[in-house]
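Chain IDs A, B and C follow the sequence of writing; residue 1 opens each chain.
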Amino acid sequence: MQALYAQLLVGLINGSFYALLSLGLAVIFGMLNIINFAHGALYMMGAFCAYFLLNLAGIGYWWALIIAPIVVGIFGMILERTMLQWLAGLDHLYGLLLTFGIALIVQGVFQNYFGSSGLPYAIPDYPQIGDWRGLQGGINLGFMFLPIYRGWVVIFSLVVCLATWFLIEKTQLGAYLRAATENPTLVRAFGINVPRMITLTYGLGVGLAALAGVLSAPINQVRPLMGADLIIVVFAVVVIGGMGSIMGSIITGFALGVIEGLTKYFYPEASNTVVFVLMVLVLLVKPTGLTGRAA
Amino acid sequence: MSALTDDTLPVTPRAMRDEMIVFALMAVLLGLVPLTGIYPFFVMQALCFALLACAFNLLIGYGGLLSFGHAMFLGTAGYCTAHALKVWGVTPEVGILVGVAGAAALSVVTGFISIRRQGIYFSMITLALSQLLFFIYLQAPFTHGEDGIQGIPQGYLFGIFNLAKPTVLYYVVLAGFLAGFLLIYRTINSPFGEVLKSIRENEQRAISLGYKTDQYKLLAFILSGTLAGFAGSLKVFVAQNASLTDVHWTMSGEIVLMTLVGGLGTIFGPVVGAFVIIAMQQYLAGFGQWVTVIQGVIFVACVLTFRRGVVGEIAHFFRRSL
Amino acid sequence: MKHRISALFLGTALALAAGSGAMAQDKTVKIGVLTDNSGLYSDLGGAGSTLAAQMAMEDSGLAAKGWKIDIVSADHQNKPDIATTIARQWIDVEKVDIFMDVLNSGVALAVNNLVKEKNAIMINTGAATSDLTNAQCSPNTIHWVYDTYMLANSTGQALVKAGGDTWYFLTADYAFGHALERDTTAVVVKSGGKVIGGVKHPLNSSDFSSFLLQAQASKAKIIGMANAGGDTTNTIKQAAEFGIVAGGQKLAGLLLFITDVHSLGLKVAQGLNFTETFYWDLNDGTRAFSKRFSERMKNKAMPSMVQAGVYSGLVHYFKTIDAMGGNPHDGAKVVAKMKELPTDDALFGKGTIRADGRKIHPAYLFEVKKPAESKGPWDYYKLIGTTPGEQAFRPLSESACPLVKK
């Protein structure tokens, strides 16, 4: 039973990555009607950005949490301005193809310069207060040894997810966003710069991916292909949850992380496939996804 | 929302005559390849991928369904054929049958699941399904994991044609390609193909006209998957191995790229695209690291400036459907 | 295009040589380095393997004796079908005599078949599968550097001897991982140790925490990692996070390379045990070569054992064809001669090549240094044990290779 609690907690950690990434996808999809295939590559860029900040500029983890999403977000906005916006009015599938191409380019370039085995990034060891050495070390919870960093990831991503939800569902800005999704012409008539709003939204979604990247840098090796396989799982998460609602994608993300964690305990052989199997089941029972409207 | 393919060009009897002329020209040119000294294995490989891209194109170009998991049919048929040839020791024609049957069975199941959603969701579902299959094949003992099935005997087709001879193998692959191509061409111009196109244009309207659109889409999916499987079976004889790369998502991406470069929804586009991409892979092999980047650049360039693809642009220029 | 012209030229030269009845003195050789230039293993082989081949050619002094040696290289992109198409074209059109490197087991086995069919040569320095010299052995292939059996054998034996008598396995769930676990288990049990459990994880998992928790709970002294590449490095990194090494358990890598340690950094990798057959800082010979090598590498990297193997293998190949007086363009014949001659080079020392194509040399068990012990970049290993070549590899008595006479 103790081991079970441990696996549940571990699952929650993975779930926070799924939630952050599928949230970013949902935000972008809601506004641009584009499935951002480059999401995995941008997640990877976030991790690399943290690495560069530390090794080239001596800027540590805490600042990287703020700077990397901004830098990568700006990169995303440039992509939107220079490429994606020309696809407005075309079939949505072109957006998928374009972002797939961008993902190939970004991953290929990083692989050329940084090889494929990856780069190290340590868990931050500051601020040091008494016995605490930043987020290093762990706490014995009785039923498991919880690395502090993992606990931090869960709490922090939960906060970020909820903040994003609040921003979009409860604020004035969010109201504009949602309105612009429903009827861009009308919103434009109110004097709101819709194209700029689209750019900012894409930047926000990309920033969330980069943030997930920074969070994962101390856990995983910083590798050019770290996002390539992950993004496919996140796609499945998105299909299960449906992209209709922000809260829906957050909850599905965390829930699937937990289910995957349980699979790792009870039947580890299937832990890579369980999300896909669930996707199939959901499609058979409720084709629109758990929270979704019809596409 | 404008459609993925350019349908402004009229399909007239004259256009169909032109298409048959181009087809005959293509068949003759390909038939002459072994006499020219061009390396036949390169062309054989390209032919397999050309058929694969044509099968994929049937779904996207005429059904409006972008499958991002077509590698699963290629790989499944490859594994089935390879296993049948090597372990069961069957003859080549039976091996091909086993492979095609395997791909057909898979396409029935995956088609049933994935046509439940349209548009981007359909793409994501097919991608996820192919990833699921990748993991299954990775763990299944009969595929030998990363080692793949190696050293597959080529044997005698129908007991007469010795497939170990490059020239014989070449003509067998060419015949397979041409047959598959004609079948697809026939399908597109059949009443079935017309219904498919009308579903792509406006599914609601097709439904209100009394068509069971899901059945049409499923049938198109099965046909496409089965033909992709046929390409995979042929490829086993050329490469003499079956490996995980054929089920990986990067392969699905390459199939999309080939069709996109050649021209979505054009009849000859996928063939041209396959030759371009395969040639690029072979001749850029010396460049090493830049292959993926170049592929990405082509993707981006095609989507931004060159959406009709090579053949689509030519067709548009001459105002003929090709 | 350039390739084709030179191939044509070569073809004419060959025809002329044949016409004058001087085949035995044909002194042209073409070497093909078929490697992963862009993917997962590009740090291990890639451009470094081509450089190693270049250096072997320059060091051989054959040019001065009238030999004409060409090196071509290509990226097989880790795809067996691309690899076979390139290899076939190399043999048929470019007249490549010998394939070097050929990383990735799937690719290696595919090329192995082709090379045998076409009577060329492969000196494989990159692939892990021990099938190359077992069930799939060929009179045209030599497996130079390492294989899974040796890694399992050397690491398992040495660690049990050092007191690590209880094992728990983290195994990648596919043929390769299963084989590593099976072979290591056999050795551990034979040496008097015990395997108390294990868990199979899917390939390319990004998160190992739940598996590590199970390993931690098992209280085994050694956690054997029967996986490779990114899976291994992520396991190691996350094991550090969960305080596994600090808690007294030891991690044993069953397939790890110096490039992995380099990418992990000593802080995370310290205390790790694993086997390699080459390390740049082993002796004067390896140091001298590695220094020259590193100076010519783009990122100043030290050679991996795969790259060192390319050099060493070619040194022996050159010695053999020089002794034969010319290139007979007959792969099986050259390989047979290579098996007759003893091997000796600065990197792997003295050795032999067995009938099954297995190159025999000592295997070294290393432990990764603590950051404080390291004197500079690439100073990573402490040598803690050596297994003599005769004991390190699969004994011929257990071999399923048809070339071995019993």
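List of remarks:
Convention: contacts are C-beta pairs under 8 Å (C-beta built on N, C-alpha and C of every residue); 3 or more make two chains touch, one makes a residue touch a chain.
Protein names from UniProt, one per chain: A, B, C = ABC transporter permease.
Model, not experiment: these values are computed from the prediction.
Contact with both chain A and chain C is made by B. Comparing mean CA positions across the assembly, the chain most remote from chain B is C.
One finds 37 Å separating the Cα centroids of chain B and chain C. Here the spacing of chain A and chain B, counted between their Cα centres, is 33 Å. For chain A, residues touching at least two other chains, in rising order: 108, 111-112, 229, 269, 272-273. Along chain C, residues 38, 42, 173, 202-203 each make contact with two or more other chains.
Contact with two or more other chains is made by residues 135, 139, 289-292 of chain B. Of all residues in chain B, only 39, 41-42, 45, 135, 138-139, 141, 144-148, 150-151, 235, 238-241, 243-246, 281-282, 285-292 touch chain C in the complex they form. Within the complex formed with chain C, the residues of chain A that make contact are 3, 6-7, 10-11, 13-14, 108, 111-112, 115-120, 122-123, 137-138, 144-145, 147, 149-150, 216, 218-221, 223, 225-226, 229-230, 261, 264-265, 268-269, 271-273. Listed in rising order, the residues of chain A touching chain B in the complex are 35, 83, 86-87, 89-94, 96-98, 100-109, 111-112, 229, 232-233, 235-236, 238-239, 269, 272-273, 276-277, 279-280, 283-284, 287-288, 295. Residues of chain C touching chain B in their complex: 37-38, 42, 46-47, 72-82, 84-86, 88-89, 92-93, 104-106, 109-110, 112-114, 129, 131, 136, 173-176, 202-203.
For chain C in complex with chain A, the touching residues are 38-43, 173, 199-207, 209-211, 213-214, 216-217, 229-230, 233-234, 237-238, 241-243, 259-260, 262-265, 267-268.
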